[in-house]
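Some structures to go through are shown next.
Shared chain: chain A. Partners: chain B in the first complex, chain C in the second.
And now, the complex of A and B:
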């Protein structure tokens, strides 16, 4: 099959061909970027929290005074421990996918000159570290002796565990064990390195990585009360949680249970990523609609071309072209047009990505999205042109003899 | 003549109904997608107080003494002492201090269990300054601010929950452990965004949907609220550790906002001078290290905080790229449609129609397609907004199509189709009559 005659014929439809090229280029640019955005959301929603989500639930209480905190903590622990199926109940300031309650900028020197970023603090009473099911990869887990009194939102000085990612950020290439970082005058000594522990709101705040968190062991007190971690067997968890909440309502009618945050961690995770899932769904919808519109455009124009060229197709058939030749002709023509559109579109995709990066906190478009999108569009073009081309192949050579 | 074109156009549309349907569909989908996002953009980026916002200002001074801050600018809120000093000077026509907290609420004379509700502690001018509508009663008196009177205004939603929506003025509501008399009940009120509480937008990574939440349920005089809910206040930020958490009057923290209303440029200039003088005076007293101040209008403050969520901005980009694809598509299909009828146009030209007449006829036909597409686009916009309302975002309930946007839907559809029709119509009007007649 010769390409030259096709190119020659295309020059007679310059305008329509160029429009189709432009449409495909635009569609290609949007598809690449939408695809990259979906992938980014998808990665965000699969973040590893580092804890045993399936066996954990959070309970949060509000509406009590700091003076009553000790009493509240004691009564909650006592009430929940009496519920059948509870493996453990411990005090912790927040949980992954719970509210952000203690984040602060840290420095790696005592004078506060070397600002190292904003991190989230988990303050857990003894027992909560084990309940979370965190994996220590170096150093040690907290002991009961590590627990420090909490005067404000975190202890004034404490031994802490930090995730690997944060350790590498703070002291690249060095052993983090034994190192110290500061929040103002407060000092924290690293004694353990964790596999993973995500911040309560991964991807949402000033923390540059989901794992920029710190685990501190604290002694419950007036400023460390009202938020609990319940552990039970995964299949029993929903029942155990609702039984615990019912028991608390009865035992302490005066405090208010923070319902949206008193749920199993799997549900908190679900709720936390709801908007990302919605956005991913919306983007998928846009992609589907875009593909549909593009395909319909190709079908429309190809049908028009077939109709317009009926006579010349007849002539070609009369002088010896097979049906297959005619079919091939339209397929190759489509391939050239869509190919040009895709080539232009990939450039446009990168340009659009750069433009979007200006207004939207977006990473650079990974190049791996480009080839599949281009191939997909070429395939779509071939599928769309199939019916019109088949119709063209059915044109009988006798057509050529009519109306000349 | 126009009626004749319409008639011709109608006939043209029915010729090749498949192609016409394709074009109508393409325009409808493009318009539906772009109008959905445009409506959301319009709702979220609008002026919450049209006509008033230019006279409302957010005042800031730099009370943070920390030397190592990268961006040397006033923090988003004020410390207690600066806020009260600035307010007590009464240098603005109207002014409102604001501080947020969450408070435990019970109706003392109703058998309901307690709930936690967002509370705004502010000063009496707040309601007049921000055009807050009342259903029953009204704002508290100016004396109540200084007297720490135990009075409150509640939202219509809370009035519904606690008192079933009846006039509850004069009834008692229990805030934490204090009995407070209700002096006013608000009418349903939903400013977009909740402008007076906007802050820290530039640290939110574009996730600003929460700026569009519903207003507070409880409003108390400034000092009354601080007294009742003492220990439950959260700072915006602190530059040193707080001696007693939750009790912030003397803490090295910022947690109070100050809004002022200034009628004209002279007053604005005078108020700026006042802020600068205050900062310098505090510096000489040793309380401030830096003398930076800032006074921004409401809209400047919203822009500064990037209030429109980046998800929404991204959706608009996508929608317009989508509309561009649909536009290309429509141009191509219109070209096909008109060129297919070259014979008809040739005949009309030969019979005496001018190029202009053919051009006009083609445009009328495109406009008809645009109108049909507009109807489809309108329906799709309604469907799109329904989808947005199901979105788990604080602004979801705001997404409705108003009259202006409805009209704009059709204007946009017409414009798109006319733009798409321009080139094909030009092509059609250029056909050489002789060539076409020969081929007939």
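And now, the complex of A and C:
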């Protein structure tokens, strides 16, 4: 109810008020964008790979001759199968959170006119599909008969499984089963739809879904060797993996194990998102610091004003203000200043986001981040002003006559 | 209107307890204009503060407008200050961030008075103190006498039953002081009850009754007819 006279009084402290308004606006803009960035990273972090990560580990070899590939595959399978606790060992070109080895632009027509995006190909030997633990929601899983020889990363023609997100993207509203897509002249027929299967490197921030991947069954050969999928019980996995790697080092001293990629999938996932977690932590730190600086700014200015106006407060009390009236005064004043800051800040947040989008690969700021940030700042303002306002309410009405 | 009986007020510091008022009894009837005089430190301001419910007494009873107010809570006291009492201070005590109009508006807003009525009253009291033309001025842009007249307008705006003034002319030169005193006399003639603390014997003489305070106790000097006659002769 006292908004108007409070506004009038604020006019006399225009510069100080505007400085605080600017600080809050800036905080609001940064908080909105940082919040959205953290949320985006958080979503990326929680991506569903679609595979039984807890039971799986990857083993990658390097520095072997392509001529020996067939021999190498056989020796690895034989060696690892002999290790206690191994449920299965199969050949697969890569795994979720492993290296990106085969991605290609696809078209939904033979002439290559309808470009549909870049997808990642998983090429797995028979048995790997089951080992991954993928869920088929329509059509069928691969059979041994589906396996095709691999030339330059992928077969020339094959029956494949794709996640439903990709299916919906390629043929919206249509049944994907029986559909075909092309990579140049190579043809792939969809025979199964998967619940999820993320690409090896999900959440890169591009305009594509984590599930834009294809599972192809291949026949191991010179072009398809050196990368394996180990499955064991989750609690035994670390032990089984190190036993397997030890057995390989002993049985095949001539090959080199690619250590960073020969780890349980949970560890690969951890390592893959290391930078995102660091960034999210950094942003959280910035947000916390910003909130604290803002709160301190409000507390500081309010305390200063309470001290500066002690006499006026006493006079107000003397001519009839209750303690509550005084408390209200500072709360309303704070609401006006923070409200102005937030209003300005939300506009600034959108502007900042648009500017950042020019420089970085960034999503448009979802508007849902704006109201909670604004409300949060208003709440922070009210909390910050509470102590100074309570102190103001305790000023004695006798201050009006006692202090000159 | 105002009746204090055996009132006492002591201030307690770490070591000593000093009595500002002791066995203080006074009765001010409706419509009276009482001047309170006394040496510095005798307890005049303390009396006025208790009379105006700015401070509480430590003993005795205080009846204001027929109501025992010595035991009221803070909110009730605020309400009485706002509704029944008008204050005029030595240091004017206008709110520096508000213009003349908004300053007079302050007590009315605390009374939750509707906007139209507030506007009407502010217009009237500013007219009465002769400052209608200065509504948009800030206190710092006014002379001391003008500021005190705004303060009087603010005190009058709520039509209080009791006006309390603590050396209202103490910060003014004699010409301005006379104008302010003239205003108070006009207000009194219109029926207000006024209690004014002053050091100035000439001003005190112009009141109906003088109350002399020494060492926290009242020494009633009665109607002071001679002084009053002298003042009229001089005036």
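Assume the second predicted complex is superposed on the first by the 397 of 404 C-alpha atoms of A that agree within 3 Å, B and C clash if a C-alpha of one lies under 4 Å from a C-alpha of the other, contacts with A are read in each partner's own complex, and residues count from 1 in each chain.
In the analysis below, a residue touches a chain if its C-beta (ideal position, glycine included) is under 8 Å from a C-beta of that chain, and two chains touch if they have at least 3 such contacts.
Quantities reported herein were computed from a predicted structural model and do not represent experimental measurements.
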Quiz item: After superposition on the shared chain, which partner residues are touched by A:352: those of chain B (first), chain C (second), both, or neither?
Solution: first
Quiz item: Counting only touches as set out at the top, which of chain B and chain C does A:9 meet: first, second, both, neither?
Solution: second
Quiz item: Taking the superposition as given, does A:289 touch the first partner, chain B, the second, chain C, both, or neither?
Solution: first
Quiz item: Of chain B and chain C, which one touches more of chain A's residues?
Solution: B
Exercise. Using the touch definition from the top, say if A:322 reaches chain B (first), chain C (second), both or neither.
Key: second
Exercise. Could you list which residues of chain A make contact with chain B in one structure and with chain C in the other?
Key: none
Quiz item: How about chain B: which of its residues touch chain A in the complex?
Solution: 19, 22, 25-26, 29-30, 33, 66, 68, 70, 102, 104, 113-116, 176, 203-207, 209, 231, 240-242, 245-246, 310-311, 313-315, 317-319, 321-322, 324-326, 328-329, 331-333, 335-337, 339-340, 387, 391-393, 423, 427
Quiz item: Given the complex with chain B, which residues does chain A contribute to the contact?
Solution: 15-16, 19-20, 22-23, 26-27, 29-30, 33-34, 37, 62-63, 65-66, 112-113, 115, 151-153, 156, 184-186, 203-206, 223, 253-254, 256, 258, 271, 274-275, 278-279, 282-283, 286, 289-290, 292-294, 296-297, 299-301, 303-304, 307-308, 352, 356, 359-361
Practice problem: Please name which positions on chain C make contact with chain A in the complex. | Solution: 45, 48-49, 52-55, 74-75, 78-79, 81-83, 87, 89-91, 93, 95-99, 102, 105-107, 109-112, 138, 154-155, 158, 166
Quiz item: Which residues, counting only chain A, touch chain C once they are in their complex?
Solution: 1-2, 5, 8-9, 12-13, 311-312, 315-325, 396-398, 400-402, 404
